[in-house]
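Two complexes come next, and they have one chain in common, subunit A, joined by subunit B in the first and subunit C in the second.
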Partner chain A sequence: MSKIEFDRRDFLKVMGVSGVAATVAGCDMPSYITSEEGAEEVIPYLSPEEFVIPGVGVHYASTCLQCPATCGIRGRVREGRVLKLEGNPKSALNTGKLCQMGQAGLQTHYNPDRLTKPLVRKDGALAEATWEDALALIEEKTGPSSGLSGGRFAWLTGTISGHQSVLLKAHLESLGSSSHFVHEVINTRVWQAVCQDMLGQSMPRLRIDKAKMVLSFGADFLGTWMSPIHFSADYARFRSGEDRGMLVQAEPSMSLTGANADLWVALRPGTEGVMALGLANVLINKERMDASALPAAALELINQYGVSRTTKMTGIAGDRLIRIARHLKERSPSLVLAGASAAGHVGGYQSVQAAMLLNILLGNIDQTIEASGDFALPQLASVSGGTSDLSRFADAAGAGKLDAVFFDGSNPLFAAPNHLGLTEKFDSIPFKVAFSQFMDETTAHADVVLPMASALEDWGTHVAAYQGGDHEIAFQQPLMEPIYPGTRSFGDMLLALNSMRNPGSYDGLEDYYGYLQSAVGSIPGVLKGEDDEAINVSAWNRILQDGRLQMPVDTRAFTSNLSMDDMDVRDADPAFPYYLVPTPRGTLYDGRHANIPWLQESPDQISKVVWNSWAEIHPVTAAKLAVEEGDVITVTTPDGVLEVPVYIHKGIHVDVVAVPMGQGHEDYGRYARGRGVNPLKILQPGSDAKTGELALYGSRAALAATGRAGRLIKMGNTETQHGRKIVATITAEQQRRNEGDS
Partner chain B sequence: MSLVRNFIEDWSRYRRSIDEGGFHEYEHMWGMVIDLDKCTGCNACSVACYAENNLAVVGEDKFENGQGMHWMRIERYWDEPNIGNERVRDTQEHGASFMPMMCQQCNSATCEPVCPVSAAYHTPDGLNAQIYNRCVGSRYCANNCPYRLRYFNFFSYYEDSWPSPLDMQLNPDITVRDKGVMEKCTFCVQRIRSTKNAAKMEDRQVVDGEVQTACQQTCPTSAIVFGDLLDHESDVHKLWHKHQTRLGTTKQKKDNPELRGYRLYEQLNTEPSVTYLERVRDV
Partner chain C sequence: MKVEAKTCHEQTHRPLFTWTRMWAVLVLAGLLGGLSLSGSSSAGELMAPPRVHTPPGAADSADEPLGPFPGVVAPEGTYEGKNVEQPIEFPHDLHADTNKINCLYCHTYARRSAVAGIPPTSKCMGCHNVIATDRPRIKKLTEYWEKGESPPWKKVHDLPDYVRFTHERHLKKFLFDNPDMSVERVDEVCALCHGNVKKMTVARKQKPLTMGFCTRCHEANDGPFDCQKCHK
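And now, the complex of A and B:
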């Protein structure tokens, strides 16, 4: 359909296939899926009118963009409106399932606070403008005649992959810049770095389903870590049958995963690595496990962390440590994970490294940690975000190194701690363009605001950073026509920006849809045979029906490099005796879902609070402060103060105060604005030395009662069952006796 | 002669246990199993139900007054009466206890007989149904529900719940309820309906797995199983059977008392259609 004008090498590059000869195994596309509503088919969104039958729903496959995991979705569409989202059963990642944020994708799309018209800053204030004016201004400031080039131009995005990433890179290249800041508060960068360094692959496959025991240092794999819906299905298998797996979770405050643990251990923040080394010590010295796989330096380090030292540093009783070690030895293969609360410290890398060392000692490599290989088309692979990019961005902006920044899919001004001083630095950048759906904190500071189509109105391709077995390209296709004619597709904008820089070179590509079809067509063996010129339309349609394109997996064995650094555990500051934990939760996530009414009214998984912020503290702490549930306390760090009502429970370390991320928006629409507090703001400076990731879990705080009662709105009036049999519990031993066959 | 035969036939029909549909000519007996060991308390089911069933978001003030409309709510308890309260020492060692709670579709529902206008009634599918346009808002049913899962429209919530264009998402297969009406989980009756209609058009029976409730469909761990208890090949029937729970009793007689199935508050003789499987902890 699209005629391509430019030369073949450039073409392949801009299509995301250069340098690879990946052929998709066979052209044997799966047959049509029938949906649950009787006989209708899952159809691609090609000529929607033909499928609008009054009163009959049809299903379109697409991709969930509510978090970076990119699960497959299917939208039920009736009379041209999308009414309900379900998981796409064809997706190897989420096999038909969705989380609550995924379900609520509908309310991002139909949100009453969407941006509908471009805005341009005039005399200090954002005012409505036409698309022509907005684009003309962008051309003036960043087009070929602007003189802008090199690192003075940058993109700041959230996690990005697929062909959007290819076009974004092409745009950067056209400006001679390589400044792409990829920002994600909830991320797995330190884990990826450790895997890369120790195993030679950054995203090995984690087989929770094959493990007989999982020891997780704060990896909230059922809630916010990596690919939670994929892991939830694995977890269900892990828990069933004769060999029901055992889950031990060690973390400072209870995550959703912790709430499901057989044994939940309250761990002093920052001592995750110490606990891992202490366990290794017990395994080697008490349980006599063979440690020949470990280098001498690692053994030397392990020997320094005997039971009494480990107990002293972590606060975990020695007999408990020994028991966990014994379980790990007996229940092989096991799996040791380390998540955000382990990684978010000055010595985060070392802690995660120690967890990986434990995996190696326990023989889990190639058992429950499997090599996954690289994505066959590296240009499409996920560029996963982190917080080191946020501080690098703040540095660049603060040093006056940036003249123009485009940003999309990220809200840095909301997420940046006060100590980065980002708002002032950001304002000092001369030209800032927001590609946004909402007036969030960052968008409010932009010079040009371009209203974007919602995820359910747009085309795209996505490659998950964590692939669940099969490697797949996930297809995002519109589930309906745009609600607002004034919004535009992000992909179309990327094409327009590229054409702006290289006039004429993208002429053959009518729109992003046309580009995607050509781009997918240029992947060998997908839409064309060896010498065919024409695109195989039915193959294309089937990809869109499935919402997925399976890619060949070129599995590469692990390499190993077992270096080990000593733990870096910082001493407490007596003026700030508590640790502040900014809890991530799969509800408001990093704050991006605070504008969704369903999620504001969805009770928090642990505290059951709705519509507000709260601070979790232990009953011992509450007694010290003489506060009761709902009383307001101040949480003070050297970088700021929060006032927030308390929720008191025992799923938290006595020295920890946990405040969930997500609330505290100054902007972001009627549901988010002026609600609760943002704990990210008052975090102290500090970052992991190896990766530069911010030490989100490393802040110290002082707590004080205000003497005021606050408002804590919760679902349910009781925390206990009062001895009734509501949730009954039996022991695993009883379960094993009776359910060997399931 | 035929009189006697009629009598015998009627009598045996009358005596037929509720497992077999009882003396009603039930077409289906929709039932559920929720495995509390698989349920992670994630809330996906609850939000899916909001999306499917046009549940109003009431806002913090009304939520504070107990007016949240969560047909499916995930209760969270900290204590563990079965493995001993004393185990909850200074830390929450075994995590939390989560309870997905929605209408238990009782077969001798305490809410039904108290309705002065019979707005709450039992369908030939074994569902506890609510006829919205018959409901006069006496709230007797909610008062009588031992599970507290009937939700009353004290206000016209729709006026504030779906500011445009949020209203475009409303499911046209079911209504938006107005002030004065009682509502609750329907086992996604609109999904049951459309599947039954489709089967009827094709002149066949509904097959197991064809009807999925919204909560079941999204549940990331597949903790929820739904189906027809009268269909002996259905997963839900097999699970009831395996865990030895049955309808028609206030106390399950089990060969093996360790089997995990139980019905919530069945001692009240409500005949719930939901079997929960006990949570498991490696202690």
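And now, the complex of A and C:
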């Protein structure tokens, strides 16, 4: 037999022929796994609605509850299952757009770790119980015969609004209590307080679309600040106009908004207000802007922050400061925003105040900051949360002032820094009831756990804290039947709790749906029935189809009260030379989405890391520590230590280490548990003097290499294009020369 | 040599080189072909012919294909499906053949949706409130209805999840857009893929419904050939 000569060419021929052979055989090979006859059941509808066609989706409007912005959503429902969520085009807030957190609402709903049965603590451990037993226990401890009254009872919730808020207040009143702690880690409370004090309105409309320049002190309005989807649409108009808007972002660590900016400025944490005053100084003294609108005290303060002092405190070069000021003057109207990294310091209020002062100096009030007016029905308005309520709650619990606490929509034991000692204080409360969809850090410490329906299975009304053009009540309606029959609606529970305290108070109503219909019917002119009809059914159906009810806006002009306090910038502690910045991300948010695989696996906006925590440090810091990407370092504050791999990035201040929020759960289901670290835990004590908000961005840390090498799991392996010019770039210096910029 | 794989059923076999080389080519082709089909089963199993795939013309006499109607080339291939035990032995022959009820009367979604749909139980009861109420099968159906349940029918015709087949589009082409056809003859269109259901009691799979079956028909009837038309 001759030797088989087999070269590369023949090999390719073989591959070709075998490919054809494989495909040909494959084409007629039935799939035994999925298409075997009789392997699956197909159960028809019993008696379907006329418009229901199997295989064809029907869209229902509802409201997204993945973050407090309450965007309108539309769910595609097929064969009784919700399959896809998109934005509701009729919602004035998000005009048909939806972020990744909203899209992932499906995985909250279909999550395999949902609670399905009530749990009651017996002999120290939570054990399954019936609803009757659980409610009987609640009646025993908090019912009329319990003797519980006054401030010894409290509710702890996340941001709440609409009729749930009305019923919750009614329940508190029935107990004679006014203790409602509203906890939200990512919040805008300081901004709201400044607006309220200086303009007389806490939530003015911010017209990014009308501005020619936006200067943002850490306001991540494209990612997590206030109402990101609404601002993203405004931002698109801001950028696409004839005169393309200019965005300057100054913050300690680059956010999504920072990554989109024309100029990103690394700012020493806590000096946002100093930079704002420094800019005001340049505008008045160098650019000769009219400062007659400012009171003498403010001018005096501004005069103290000349360029050299500002440069020294903030770390920003003087010529850069002057250039930004010049742009602000030329590009009028502009808009100055201040977000979490400006507000999260002991002097947070003053920093935000300085930013607002800059707006007043630049003449932005009534131009890009518009009066909005109060919501027409104040009892439905949003009760926005903050972190000051967390420390107030910890104080109340620690002082033994609480006998019973109900909590919903918030996970305080995960978010509370170690220095609050909340876990022990929480455990000392005699009776704790969790209304929850999941077993999380707080739920695990409760005495009674009541499994709640998901946001896509429940009724509700919501009023956004930040309203878009129109004021509206957003309607939440079930997109499908509850997956687990053992879960109950939060609204139904509120009705039951109220009936428990005041028997007979809601007797005429079958359930929360009935309550909502009658409550909305009582708003004058909304559901006015014709003739003797109690409510106008077609008007009600129209509201549900739109997912919203527009309310009249009574715009109220701004009042102005221009007081100004000096900055409170703390000096660095030589033992802890770095600032620890816990960064919020529009994926895991404050940690509530850590149990959603879609969001865990979506690469981080800056580092591209998935499923893990990382510490972002500047290359200079990395060189000092002699670490490379993926190496594990320790981040030490006086309140604790984290061990975390590093990500080296230039988009961060050299003295800052940034660890994203959201990971480090001890409980919270299979996808979240034991993954990454929680930077909130090791934050140092301190709070803004004016609002009491925790100084989340004011902690100091020491860094040390552990000597352990690791590897970050992330999308894309390289930060450079290796000279391939996939995206053409020029240096900033070259750009400045080309543009003839000063 | 130029090997073109334009369609799946097109098989190019020509003696190409020396016998020695050919031997090597065929052995390797067999091995690689077998391996590329599936990673989980052994090559021996895979090279065996498909389980009950019978050549054209070997169908049993009760399932004679309906005559080809105008405007279509019937796809080749038959399949001897197994008897599927259903909660109620539904007689298709009695409804569609003896009583001449149009397929689309019960499978009404076929013209509007990707799926033909099993008729809602309320539709069955619309007639069987009064018709044949003493028969055991109807009694069983009434029991389900009174319990507020639908019978858990077993799926006979199913496609893998990575295939998007739409009834609506096929009915449009072969029936509603076909000037030579009328809606009374819809059973002939259904029969292209479902066999002569009119002659069956409980439906049985009569056609292979494999990709080869689909592509042969698509080629013969100028159907679309882009991968993503079906594999979305």
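Assume the second predicted complex is superposed on the first by the 667 of 742 C-alpha atoms of A that agree within 3 Å, B and C clash if a C-alpha of one lies under 4 Å from a C-alpha of the other, contacts with A are read in each partner's own complex, and residues count from 1 in each chain.
Operating definition for what follows: a residue touches a chain if its C-beta (ideal position, glycine included) is under 8 Å from a C-beta of that chain, and two chains touch if they have at least 3 such contacts.
All figures in this text were calculated on a predicted structure; none of them were measured in a lab.
J.: More residues of subunit A are touched by which chain, subunit B or subunit C?
T.: The partner making contact with more of subunit A's residues is B.
J.: By the touch definition at the top of the document, which applies to A:Gln735: first (subunit B), second (subunit C), both, or neither?
T.: In the superposed model, A:Gln735 contacts subunit B only, not subunit C.
J.: Between subunit B (first) and subunit C (second), which, if any, makes contact with A:Ala325: first, second, both or neither?
T.: neither
J.: Regarding the shared-chain residue A:Leu599, is it in contact with subunit B (first), subunit C (second), both, or neither?
T.: Once the two structures are laid over each other on A, A:Leu599 reaches subunit B alone.
J.: Indicate the residue numbers of subunit A shared between its subunit B interface and its subunit C interface, in ascending order.
T.: Correct list for subunit A: 36-39.
J.: Tell me, which parts of subunit C touch subunit A in their complex?
T.: Against subunit A, the touching part of subunit C is residues 1, 3, 5, 8-12, 16, 20-21, 24-25, 28-34, 36-37, 50-51, 53, 77, 79, 81-82, 84-85, 109, 112-115, 117-122, 145, 148-161, 204-205, 208-213, 215.
J.: Would you tell me which residues of subunit A are touching subunit C in their complex?
T.: These residues of subunit A touch subunit C: 1-2, 4-6, 10, 13-48, 53-56.
J.: Considering the complex alone, what residue numbers of subunit A touch subunit B?
T.: On the subunit A side, the touching residues are 36-39, 78-79, 81-87, 94, 96-100, 102-104, 106-107, 110-112, 222-223, 228-229, 232-233, 235-236, 239-240, 244, 246, 249, 254, 256-266, 483, 586-587, 597-603, 605-606, 608, 610-612, 618, 620, 649-651, 654, 711, 713, 715-716, 718-721, 723-732, 734-735, 737-739, 742.
J.: Which stretch or stretches of subunit B touch subunit A in the complex?
T.: Within the complex, subunit B touches subunit A at residues 36-38, 40-44, 46-48, 50-52, 57-60, 63-64, 68, 70, 73-83, 85, 88-99, 161, 163-166, 168-172, 191, 194-195, 197-198, 201, 210, 212, 214, 217-223, 242, 256, 258-260, 262, 264, 276, 278-283.
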